[in-house]
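Shared chain: chain A. Partners: chain B in the first complex, chain C in the second.
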Partner chain A sequence: MDIEKILKKVEEKADYAEVRYEKSLTNTLVMKNGNIDAVNVEQEKGISLRVLYDGGIGFVSTNSSKDTDDFIKRAIKMAKNNKSKVGLSKEKAYEDKWAVTQKRKIEDTGLEWKIEYLQDLDKRMMDTKVNIPARIFQLNDTLIEKEYVNSDGAKIMAYHPKIGFFYFLTVVGKTVEQGYKQFGYSGGYEAFDVWDLENVAIDEVKGLNKVANQGKEAPKGKMDLLCGPEVTGIAAHESCGHPTEADRIMGRESSQAGESFIKENMVGQEVGSEYVTIAEDPTIEHSYGYYKYDGEGVKARIKYLYKEGKINEFLHSRETAYKMGIQSNGAARASSYNREPIPRMANTFFVPGDYSFDELIKDIKFGIYMKNFTEWNIDDKRYNQRYIGRESYIIENGEIKDPVKRPVLEVTTPGFYKAVDAAGNDLEFTAGSCGKSDPMQGLDVWMGGPTIRLRNVIFR
Partner chain B sequence: MVEEILRKIVEDKDFDQIQVSVLHSENSLTRFANSIIHQNVNETHIELVIKGVIDKKIGNIKTTSFKDVDETLKKLKKITKLQKPNPDFKSLPENKNHKTINAFYKETYESTPEERAENVKTLVETAHERDIESVSGAFNTAYTKFYIMNSLGVDKNFEATTASLSTNVTSKTGYGYADFTSRNVKDFNFAGLGNEAAERCIMNENPRSIKPGEYEVVLEDYAVGTIMIYLCFMGFSATDYQEKRSFMCGNIGKKITGDVTIRDDGLDETNFAMPFDFEGVPKQDVPLINEGVAENVVHNSYTAGKENKESTGHAILGSDKPFPTNLFFKPGDSNKEEMISETKKGLLITRFHYVNPIHRIKTIITGMTRDGTFLIENGEIKYPVKNLRFTQSIFEALKTVELISKETKLEGFSWLGGGVRTPKLKLGKFLFTGTTEF
Partner chain C sequence: MEKEILNKLLNLGADDAIVKITDEDTEQVRFSRNKIDIAKNWQEKSADIFVAVGKRTMFTTIKDFDNMDASLKTLMELAKKANENQSYHGIAKEGFEYGNIEFDKKIIDADCKDYVHAALNEIKGTAAGTVLKKHMKTRIATPYTHSDDETASIEFSIRVFLENEISGHRVSVATDLKNFNPVKAASDAYELATLYKNPKSGERGKYDIILDPLFFGSVINYTLGSTSAFSVEAGLSFFKDKIGENVAPESFAMIDTGKGLYSRRFDDEGVATGENKIIENGVYKTYLHNTSTGAKFKTKTTGNAGLVAPESWNFEVKAGDHSKDELFDSFTGLYLTNTWYTRFQNRMTGEFSTIPRDAIFYYENGEVKESWKDIRVSDNMLRLYKNIAALSKERQMVKWWYEVEEPGIAPFVLIKDVNITRSTQ
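Now for the complex of A and B:
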């Protein structure tokens, strides 16, 4: 089916329509302990149609139907049985083509090269002489072609190559420690250099080994905390990004992802100290969550969700923006052609400050440095959360001392952000897969931040 | 038409063995929030998955295009040949007769958006007969047809329907929940679900804070269902067992819980039964934990071949990892009232939310309570309490099982088309490590 033909036909029948086409090719390579465990190729293409009819939205998708009239009929029928009366914010209709550039093209990178690279990485890890009985790597590359048209006149074409990778390591020393880290990049196989994958992975092995062999019991009680960029990033994603999703705030996700402790009228309200500014920026080139236009054709821009400790802006689709009487800020994303675009994060990060690591640590008398995390958990309103350190250390009199095992921070969202009294200048991003909604939509994201200092938080 | 394409694929002589499957699904979803339907979605999806074997090298390809089958096979040959031989691979399964299962219900297949809207309206209106603020949820109906063929003579297909509904009801300070799932949409009592969630919401108003710590618990079937699903993730699969990541490692034949029995019976139609798995191997009844003793993990043909065993019929589409999808927790002879009356100081838990595994071997998970948590004292529900964070080993908790209900409920885990039939439980000890503000 041709998307412009569908749009032309449906325009007369609906108040608004948009048609999306997506074609993707994904190669996956799984390696366990240096041996190939699986090589998979996935090819997917399909079309979706979203219509607004008398205030109701209908959404249909297919990867097999060729009957345009039936496709349109089903969408209208869905919209007619949608009882809510919604609208879409009025937005500029763009005609554009965008593409992510690649230095080492996915199309030109053979399976043999990927296998060799990962086997070499595995060998380098083993060369550290650390006991790592389980080493699991998964590498995915995806080429995505998208076309989008809507009845406001938007017409956008996109070409988006992406690379994703994770390792899952089990290190055995006096105790067993496990490490998992995800990497993501929009572009080609230059990603491996950008990530500095070999050095990061070897640091991980050494860090886990330290904890496994020298890790002491984590102290409990009130103390200072230095969160490494990975911990700062997950906190920004979970306790700022999610609760500022407008659909959660409006209750639309209450049966699925959950609600938010933030209400519509809380913009300007204090949630943290003046050192806390958290941004969401899909326009970072080559980021995992990169896009130039969102899933509704709205131009992407940076958004400051928390600004200098205050709730500042929500993540919007055209529908939620209309309900609040504002413009969309281009945060509507869909995981594929067969899902509706809804307010989502792309690249969420704690905006860095000026402090060096040495300046951050120097006046901590006693505390914990949580370099990264092994587990996190948060409630359905994004208020009460828990982070457990993976590679963590005691800080005494401004110096890093012994490694500690699994320090547990349980804290509320304002409790966390109000305790921040300094932010470092070492901004880093980690990749993640963010899940939301029903039908479930898993999306590629970056989350990040610098090392941040928290005063007097409670470890359990 | 589909069968013709598949037969052509399995006749490709360039592969030593080849398997092809097709999953055709039609999903319709009606979502509602703030007591009104706000989303109607319909999706038609077909995918073709092929596994090829050449000299013990295994390749997999998945496509949604039936047009370029020759091109797809060419690509599969290329990626298969690039692999190293896998000495653990024995063979794809041979054809075996399977039992007939009735999993297709016309009422579900033919359900329309109008009918779903009407059913949601009944639920929402019933809930609003009480003093609540809003109702939200999702009602899904789905049809799937699955074809499986291989070069060793497997040639089967199977069609099924499922319907599922979950709903949350909120008032100013209360939260309630109910869900239901079945192959047949006729089995639903929409007013009953609205009533259950609203009643729980009203009961749960003005929750009070309590201190975290160790409590007796009465777990509703919703909460037990979540625990069961996490047990599956942490170790009932032979892949986890063979990679030494399962809690079953070193425990087969040992008593690891109290007197509980958990099995996976793919043929029991009180769950989402299927006649065969995604390799065409007939389903069977596999005891996983029997009266507290760890007995079996589940296999597909690959993991079974590795141990010179027979597959238990637990292959999953597009995954090399077997998984139990038709779980049963053996019921007892108790009921919720008795469980409450037997509790000196404990908590009645409706469900768990955002659960994450902390330690797979020790089966430790963490998460929050949600949608109705109540303090029980001296055999009576005293008052609702604010949500708590738990951090608990499932096995340690199941060692303290005191009462198991006679009545069971089916909880779905839709991403695998599976289900868990579960009772309510009364446990002697359950550890809560934190609290929240609502």
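Now for the complex of A and C:
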């Protein structure tokens, strides 16, 4: 279906309309314990139409119907379900094309090369002589073509190649320890070099083995904590990014992903120390969450969600911006053509400071270095969270000592951020799949930050 | 269409192939703060295709039907280049005696928005939730079988808020409109919220707990992942090496079944679905298998083939011997009505935590003493099942968003000596 033709037809009938077309080709390889268990190719093509009609929003999608009139009729019918006087903020309409560049193109990378790479990675892990009886790798590459038009005059085309990978490892020593890490990149297969995948994976195996064989019981009580970038990143995403999503604050997600401890009138309130600034930036080139325009045609920009310890800005779609009487800041994303765009994160990170790792650790008399985490969760108002270390060590008199097994920090959001007294200069990102909405929309994101230091937090 | 694609694949050199065509028409109305936010309709068609050339295997999902012939050709070229899959032991050649699935055709024409308005009339305060109706037609063809399936289901979920942090959540899900009762769900959610007064931050310690079917349904969902043979091999199952062992008290039994909210006559190999006893009399009985994992584990497929790995369909926990009231009689401990964000420290050994949400009641001697908030269940899944002390006769069909993603029937359950934690600062 021609999306401009559909827009032209629907413009006469609705107060506002937008049409999205998406075509994607995704290749997935699953390797289990050295065997390629699944090779999957997914081809998708479809369109969606979102209309505003007499104060109601209707959303329809199809990959099968060719009947334009019926498609439009269904959208209007959906919108008529609703007389809630929903609106969308007025935004500048852009006409543009954007594309992510690749060095080693996905289109030119054969199945055999990918299989060989995974088999080699598996062999290198096994060559460490660590006992890893269960190993899962999943590699996926996607080529996405998108077109977007709306009745305000926006017309945007995009080409977005992406690579994703994760491993899930089970190491058996004196105890059983498991490690999971996800990687993501917008671009081609140069991703493997950017991620330094082989070295990171071998480090993971060795780290899990240390904990499994030499890990001491984790100390309990009040002590200092160094969070590695992976831990800082999950904190930034989960206890800053999610609670600043405007739809969550305004209750639109409340029967699913929940609401937020942050209320509409809390901008400027203190939530952490002066060392805490957390940004959300979709414009980082080659990031997993990269986009130039959001799912409603609004130009992407950096947003500072917490600034110097204070709540600063929310993540907005045009719908939430309209409700708050402001402009959208370009945070609306949809996981596919058949999902509605809503406020989402893309690349959320704790803004680094200027401390080196040695400077951060040197005056810690006793504490824990939590390099990464295993179990992690948070309540649905984004206030009570739990961090359990995967590879963690005791810190004594400014030095890293013995590995410890799964130290547990259970803390509130202000309890965590108010304890931060320094941030390192070693910004790193980890990829993730962020879940939200109904039906669930899993989205590619980066989460990041530097090593940060927290004083006097309580481990149990 | 499925037979045509199958024949093309066999002509292009496939030794075995499976073609499944699905047509889905889904409508959803979402509401929050007592107003409808959006109404959506999806019409999707997809082809799930599996091919094997010797032990070289490939899967594909095609939602772009414009270039089917070219896609099939590419698929076969890739399959011929793929490495041999040592886990592959063929597709099913028997097990094709299909049962019938019944559903209420009136669901197809049900008006979702009317249910929202009727439900909202039952409550004070504000509410958020969804109504979702789904109509699905599936056809499957392999060299050994050919069949079709048609199902419909309807789901309602409502979370009622009386004020900040005072909430109750209930669902009503069904395959016929006679058993679909969103008005009662709304009224029950409202009642829960009204009983949940002035919650205080809870205290850590060991408590006996009673889980509502909605909460227990979520626990079972995170358990079902451990029942797939794929998970057992991948280090993702706390039931590894547990076949024949006591994993729960004698009163506990759980099955996986093809009949339920998400009924299906056949799995992704075309094998007829049935009832699989996962836990019977407290003893762990079977992992869920497709033909390949069945062969590897020296057993047969259980009719649970998913596109890549064995999957569960609908769960059902056997009713207990106690009435719900008997469970609460003289009860001292926590009644937990809903949960979310369950995560594992270790999927092989079962350490996990989950975060109760909505109404949480602390009982003493059968009476509500306090309402609590801000607590976490932090324990071990295997220990949780072992510590089940009683199950109710009353059961509910539950399905809710991502937390009870696979639907099923669950009772109220009393579990002894469960570890509760909370934030320290």
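The rule is simple: the second predicted complex is superposed on the first by the 460 of 460 C-alpha atoms of A that agree within 3 Å, B and C clash if a C-alpha of one lies under 4 Å from a C-alpha of the other, contacts with A are read in each partner's own complex, and residues count from 1 in each chain.
As a convention for this text, a contact is a pair of C-beta atoms (placed from the backbone, for glycine too) under 8 Å apart; a residue touches a chain by one contact, two chains touch by 3 or more.
As the structure is a computational prediction, the values presented were derived from the model and not from experiment.
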Under the superposition described at the top, does placing chain B and chain C together on chain A give a clash or a fit? clash
First, second, both or neither for A:G435, with chain B first and chain C second: second
Counting residues of chain A in contact, which comes out ahead: chain B or chain C? C
According to the stated criteria, A:N150 is in contact with first (chain B), second (chain C), both, or neither; which is it? neither
In the superposed arrangement, which partner chain does A:E44 touch: chain B (first), chain C (second), both, or neither? both
Is A:V457 in contact with chain B, with chain C, with both, or with neither (first, second, both, neither)? second
Go through the superposed model and pick first if A:E177 touches only chain B, second if only chain C, both, or neither. second
Going by the contact rule set out at the top, does A:N329 touch chain B (first), chain C (second), both, or neither? neither
Which holds for A:G415: it touches chain B only (first), chain C only (second), both, or neither? second
State whether A:R386 touches chain B only (first), chain C only (second), both chains, or neither. both
Dual-contact residues of chain A, meaning touching chain B and chain C, are 32, 35-46, 56-65, 74, 77-79, 81-84, 86, 111-112, 115, 134, 250-256, 258, 338, 340, 375-381, 383-384, 386, 388, 410, 412, 438-440, 460
Quick one: in the complex, what on chain C touches chain A? 23, 27-30, 32-33, 35-46, 57-66, 71, 74-75, 78-79, 81-83, 85-87, 112-113, 126-130, 157-159, 161, 165, 169, 230, 233-236, 307-309, 340-349, 351-355, 357, 374, 376, 378, 401-402, 421-425
In the complex formed with chain A, which residues of chain B make contact? 24, 27, 29-34, 36-47, 58-65, 72, 75-76, 79, 82-84, 113-114, 116-117, 134, 136-138, 140, 166-168, 170, 243-245, 320, 353-354, 356, 358, 366-368, 370, 387, 389, 415, 433-438
Of all residues in chain A, which touch chain C in the complex? 23, 30, 32-33, 35-46, 56-65, 74, 77-79, 81-84, 86, 110-112, 115, 133-136, 168-170, 176-178, 250-256, 258, 338, 340, 374-381, 383-386, 388, 406, 409-412, 415, 419, 435, 438-440, 457-458, 460
Within their complex, chain A touches chain B through residues 32, 35-46, 56-65, 74-75, 77-84, 86, 111-112, 115, 134, 250-256, 258, 338, 340, 375-381, 383-384, 386, 388, 410, 412, 438-440, 460
